[in-house]
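Quick one: structure below, then a few questions.
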């Protein structure tokens, strides 16, 4: 199973349910922010250290995997309807960031990093 | 280039800059919601129809690809530090959703869909 | 009841439950994004026209009011722990925006508006 | 200046620029998630302790006040177009939460709190 197959399965899932009427890019972006929000809720009251141990509880680990999957699902559906190659898009963005945050300047600095966003 | 290679490149990018100190799961989830918010800003004033034509302007198309890449980057970094296999997680979630939203009941219905989230 | 009284009630609510340990600004911002995500979920599959009629169904209207209240609650808690006067902050921001988006240039233009964010 | 006056000023601001065409509830919710994302970006790489000291730097403090103001602005615009009284909505939600999280059970517990959302 790879990203292309998952993208095809998600498309078939929407096809079978007549859900393409709902899957315009605007709606999919909203759904993505909704799922990102659900992921945030799993981490909001945990300290950074507790967040690093979140997978030790099996039930919470399962919820984390589900929310990560939901974010990825809507991201792939969005890329599919916009005809974006996510692998190529990310590879290109990494090149941009390598030029923008040279190791020499960015090393260990939250401030530099902060400004990148 | 596939997801595993991108994950490795993102990890090496953070390594080289001593950024692992910032990349705990809690921080990465916040960064993900920040990028999801930037994606939302590109679509917020567009109608659903305009959102479907967003890639026709080359500059806007580039911004959309960059924001999709940013969301994917933080999602992969998060999965990496949590040791989650995103492909397996999404495949498992699709199975869950297939059981939860049988075609017969969910067909063409925003309401059923609504309740799934 | 005004904003100051609500802020005081929310503080007392957290006091009584020993929740100040969880209410640092970082956590409160995450909780705010979580609630914004829940609000998004109520609107994600609705067209803009349907979104304008969302209060006609009493149950959905109640959910909308609750989610708006949750966003406001975390925004007021955040402002409280950061000692920010939200009324003054918004009044100041409106002045900034009035200078930045003069009526003459911004009138009827989504593009200008887009650039403001 | 109180919330009603700010709501009226925000409405007049949109009126003067012919922006009501963009200010349907769906779009305003997206704009709110976008601003919540910008707020998250200010806090994402800070530790909880650093987040508690964020207002000590005057420039960062100004950005925090602006982002809090932006979230409030879209929340008030949303409430205005939906005819929701935010003060009453929050007062009602606090009553609901007081019944739902009795002090006796919720005291000092992140877990209980977690489940409330």
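Labels for the chains are A, B, C and D, by order of writing; each one numbers its residues from 1.
The definition used in the following text is that a residue touches a chain if its C-beta (ideal position, glycine included) is under 8 Å from a C-beta of that chain, and two chains touch if they have at least 3 such contacts.
Nothing here was measured: the structure is a model prediction, and the numbers come from that model.
A.B. asks: Name the chain pair with more contacting C-beta pairs, choosing from A-B and B-D.
C.D. replies: Counting C-beta pairs in contact, A-B comes out ahead.
A.B. asks: Pick from A-B, A-C or B-C: which interface has over half of its contact pairs in common with C-D?
C.D. replies: Comparing each option in A-B, A-C or B-C with C-D, the repeat is A-B.
A.B. asks: Which integer distance in Å separates the CA centroid of chain B from that of chain D?
C.D. replies: For chain B versus chain D, the centre distance works out to 24 Å.
A.B. asks: Roughly how far is chain A from chain B, going centre to centre by Cα mean, in whole Å?
C.D. replies: 2
A.B. asks: Considering chain A alone, which of its residues make contact with at least two other chains?
C.D. replies: Answer for chain A, listing residues that touch two or more other chains: 22, 26-27, 29-31, 33-37, 40-41, 43, 45-48, 110, 113, 117.
A.B. asks: Sort out for me which residues of chain A touch chain B in the complex.
C.D. replies: So the residues of chain A touching chain B come out as 1-3, 6, 9-10, 13, 16-19, 21-22, 24-27, 29-37, 39-40, 42-43, 46-49, 51-52, 54-55, 64-66, 68-73, 75-76, 78-79, 81-84, 86-94, 96-98, 101, 103, 106-108, 110, 113, 117.
A.B. asks: Which positions of chain D touch chain A when the two form their complex?
C.D. replies: So the residues of chain D touching chain A come out as 26, 29-30, 33, 37, 41, 44-48, 110, 113-114, 117.
A.B. asks: Can you name the residues of chain C that touch chain A in the complex?
C.D. replies: Touch list, chain C to chain A: 22, 27, 30-31, 33-38, 40-41, 43-45.
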